[in-house]
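Per-chain numbering from 1; labels A, B, C and D assigned in written order.
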Amino acid sequence: MIDKIYSYIKDKRHTNIFFTVLGALIFAIIPLFTDVEASYLIYFLFLTFIHIVIAQGWNLIAGYAGQISLGQNAFFGLGAYTTALIWLHDITKTGYYFDPVVMILSGLAPVVLAIIIGIPLLSRLRGDYFAFGTLGIGQIIIVVFLKARAITGGADGLHIPSTVYESMMPYYYTGLLLALFAIAVVYFITRSRIGFALRAIREDEMSAASHGVFILKYKVLAFAVGAFLAGIAGSLYAYYLFHINPDSVLNMNWLFYPILMCVLGGTGTIMGPVIGAFFMTAIFSFGDVYFAQTHPIVSGVLIILVMKFMPTGIIGLKDRILSRGK
Amino acid sequence: MNLILTLRVLVNGVLFGTTYGIAAVGLSLIFGTMRIIFFAQGTFIIFFAYISYWLLTLLGIDPYLSLIIVIPASMLLGSALYYGIFKEAAANEDKNISLLLAIGLMYLMENFMLVVWTPDPRSVVTSYTTLVFRPFGIVIPFTRLTTLFIAVLTAAGVFIFLKKTLIGTAVRAASEDVVSTTLMGINPNWVNAVAFAIGIGLAGVAGVALATIYPFDPSYGFIFAIKALIALALGGIGNVYGALLGGILLGLIESLGSFYVGGGWADAISYGVFLLVLIFRPQGLFGGSIKKA
Amino acid sequence: MDSSNVVLRLDKICKSFGGLQVLVDLDMNVERDEMLGLIGPNGAGKSTVFNVITSIYRPDRGDIFFLGEKITGLAPHKVCHRGISRTYQLVKTFLKMTVLENVMLASVYGGKHPDKGTMERALETLELVELTPRKDILATHLTLSNRRLLEIAMALASMPVLTLLDEPMAGLTTVEIHKLLEVIKRARDERKFSIIWIEHRVDAILDFCDRVVVLDYGVKIADGKPDEVANDPKFIEAYLGEPAA
Amino acid sequence: MANQLLEVKSVDVFYGDVQALWEVSIQVEEGTIVALVGANGAGKTTLLKTISGINSAARGEILFSGEHLENLKPQNVVDRGIMHVPEGRRLFANLTVLENLRLGAYVPRARPFFAESLERSFTLFPVLQTRKNQKAGSLSGGEQQMLAIARALMGRPKLLMLDEPSLGLSPIFVKTIFELISTLNEQKATILLVEQNINQALKIAHQAYVLKTGKIVMSGAGNELLADEEIRKAYIGERVGRRQR
């Protein structure tokens, strides 16, 4: 029996699933042994889960489809604002905390934006040029939100009544579920026939097209799914913050965090962003506690060092050590 | 007097746009030789604005005089950055890595400035900060005029360097075909380092110029990087002369946009123009088409 | 002209790059199940012909008809769906995907086929090029010759009506070339499709092709049976330069 | 043997896993024209690139006036006195003719002689003088080839390597280019020439090497090889050039 399980795990295709399920189980029971309302660990993990969701979104578009997006902060912020607006105006009439309908809508709003912007950008621009094109999406959204003061509250933003807050518990489990969902979405997309197309596009667009792949369709698809994941991450964050404004949910950290996490862990791999999210959140949290002011400098140095010395990330490090042994 | 008002808006646009222009020329040079957009350019501009601020407040050195220190220092820093950080990535021709390196550098610099200078806006105040000329009722602040003067001088200097010197010609050649330049005996690292030195040197000039005009804070670097990028796209990526014109054009667009549509919208408008240009005229508004070798 | 048997027709195709005329009023036909050799010196415009047919370039003038329908300016993936597949001079397999994944990509996206599933087609095509034992290794670990075979398998996995082979023998050793020729022969016997074949190894073209077209400076200078072409002085001159003395 | 300027000894070159050159050895005697001929993909360009340092040799030695070149970067090879005119010329199209020439004399060894070299180039190619302020991209193909050669001469090479100088040129210009190569040689230039125009190349070459799939298969004096029936086989195969079957 144990042999069977062992050989099942050894099979490369199952390793990721096994560790994800194992990790999920461990994280699922952690709250049973800790004081959820007071523990820093719970807050740390909650933050990590949000980071995993947005990182997987970037991973799909940049890591698998090879199109570097510098607009994830726009999608994250749009998701957060959507949640806040629906909540405040009780548009869905459901009105309870962590309403799945609200969260899905908060994912879909960025999808619409991603499609509207993605089709012209992705059909005309390649490589760097696409990255530039996405760079200002966040800025334009900020301007729009600042100007639409009647709806968005301008620079002050929106306040969700924080009286509904009862416990950290639902945050933790929703975060865990969303992180698993994000991993699963990217995993199944990349394992499906769509994944073939994305990987082929990343390697050689021209060749992919001459084998019958409709390049634009799959690039836009990856961009939209990445936007969806950023949007629901933003939604969850909005529930946590209660007060959202352009400064908190549209700032450029939300553009750089997913990149940093993917690069750190290993872009274009399923577990890379997860590992990266844990590492980055740990470093940031540690920095926040012990040297609050200077820690972003450390992370800047970290990006440079990682890109210089291990451009394939932590995941790639394993392969490099193995191949050096040969 | 609507005409005078319009004129004032136009003049202001040109005066401010030249700062974008110098930044964009730097971006364009680095892009030409390395094929990367150096995102940290804007952050370095702010960094040098702070340096100029420090030189004034701590040592009492006039901002314009500080250029004598800032220009060589920034050029040195530029070449050091190339050899220290970008050299391997340039040799491997891995653009994504160079791009992420630039992002990391920008992140590092911005947060460094936050720690050293805090997020509160600073401004350089001198005896001539409030000095204003009023030819024909158009208000022209002295500092903006000086900025224009410095920008024109700097741009002319760079263009002459590119046109008249052998190494400048080599930089232009490398932006067309790097392999071919090595077959002429030109060391590609040397050319890249020169491009970086001038690029960051221009950031130094732009930083000092900016410091005399506007209050600035560390986060402004990112916005400035986007502005410089927009200027670059308007002028045609890789077109050094176009970059300066693109900057001036962007200044005009912003100035007109905020006057006629309303302040705060200017960013959205210039970004909209940028997107349209990228999509429909990726070779830029000036000059011919991009030639693929 | 009886055009019922013609699968591909190029009608006065012109293409120039930056003032340089690469193809000049090119007319060319390919018949059903025909193996057409396309030869000519370096820079004659052969690969451009392929890029124009597969819509990677749009011709400046002229039209392309495939199975009687105009396909000029169609998106590249749609050209593939109509039934034209190709290989590249510099092999373009997807190095970070396994051999099977490469072929699956081609069979999944190459076009719909009612009788056969995508996996079935992929495995069958791998069998055809004798790469089945290597199906689970990454393409990057294949030798050049196997990568060429893989690319041919990818071109065949979409069950094309016409396949364009761009110098499949370049860089291969004699033994590898023999295997490649064998595979192409067998594939043709089993599947029945037309081929346009660009090759520098003129002897192979003359031995294997039903008909040969010779390009020089973008102009068609010969079109006929291999034996006729081989002894055409214009052809020899295009290849060897002006006769010495 | 007299003065060997360049000696390539048993060089192996790889592109990734693929071996492109197998134990290639050639010698270039000072003051001679040496031709490298062979079909496309035989490794001629690879050999030139290996000598000029763009590719690196996995094994073997490259000696230039007795000095090792194997581990030098391209710019250092140029410094030693080898100028390489690459395939497709690779001029700086947006730079003027004069600027292109100026860069040709970039190396410290040649820079002091700029004026002298320029005069010589303009004597050899009067057309370049009339167009000296025009952008290189606006020249015709033949003029561009002249500029490419002139640019290399500005570097005062001890060895000039020309990769397919006749490629893509009209027959009249091909003739001009070959005459030019002979003239240069009469003025004591040492030239390593890669050509597909085999008849012309062998006619002017003192010594020639035939490459086939990365190996030297024949060598000898140019005019001997020209008369040799075997070379046609090595080059474009068995059947070409025979009168009747």
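Here is the rule we go by: a residue touches a chain if its C-beta (ideal position, glycine included) is under 8 Å from a C-beta of that chain, and two chains touch if they have at least 3 such contacts.
Since the model is a prediction, treat every value here as computed from it, not as a measurement.
Least step count on the touch graph, chain B to chain C: 2. In this assembly, the chain whose C-alpha centre lies farthest from chain B is C.
For the pair chain B and chain D, the distance between C-alpha centroids works out to 43 Å.
Distance between chain centres (mean CA atoms), chain A to chain B: 32 Å. In chain D, the residues that touch at least two other chains are 137. Counting partner chains per residue, chain B shows two or more touched chains at residues 291.
For chain C, the set of residues that touch two or more other chains comprises 18. Taken together, the touching pairs link the chains into one ring where each has two partners. Contacting chain pairs in the structure are A-B, A-C, B-D, C-D. On chain D, the positions that touch chain B within their shared complex are 52, 54, 73-75, 78-79, 83-84, 86, 90-95, 99-100, 102-104, 106-107, 111, 137, 151, 155.
Residues 35-37, 85, 88-89, 94-97, 99-101, 103-112, 114-115, 219, 222-223, 226, 229-230, 233, 237, 264-265, 267-268, 271-272, 274-275, 278-280, 282 of chain B are the ones that touch chain A when the two sit in their complex. Listing the residues of chain D that touch chain C in their complex gives 17-18, 20, 39-41, 137, 141, 164, 166-168, 170-171, 174-175, 196-203, 213, 226, 232, 235-245. Per the touch definition, chain C reaches chain A in the complex via residues 54, 56, 75-77, 79-81, 85-86, 88, 92, 94-97, 101, 104-106, 108-111, 154, 158. Residues 68, 120-121, 124-125, 127-129, 131-133, 135-136, 139-140, 142-144, 146-147, 252, 256, 259, 263, 293-294, 296-297, 299-304, 307-308, 311 of chain A are the ones that touch chain B when the two sit in their complex.
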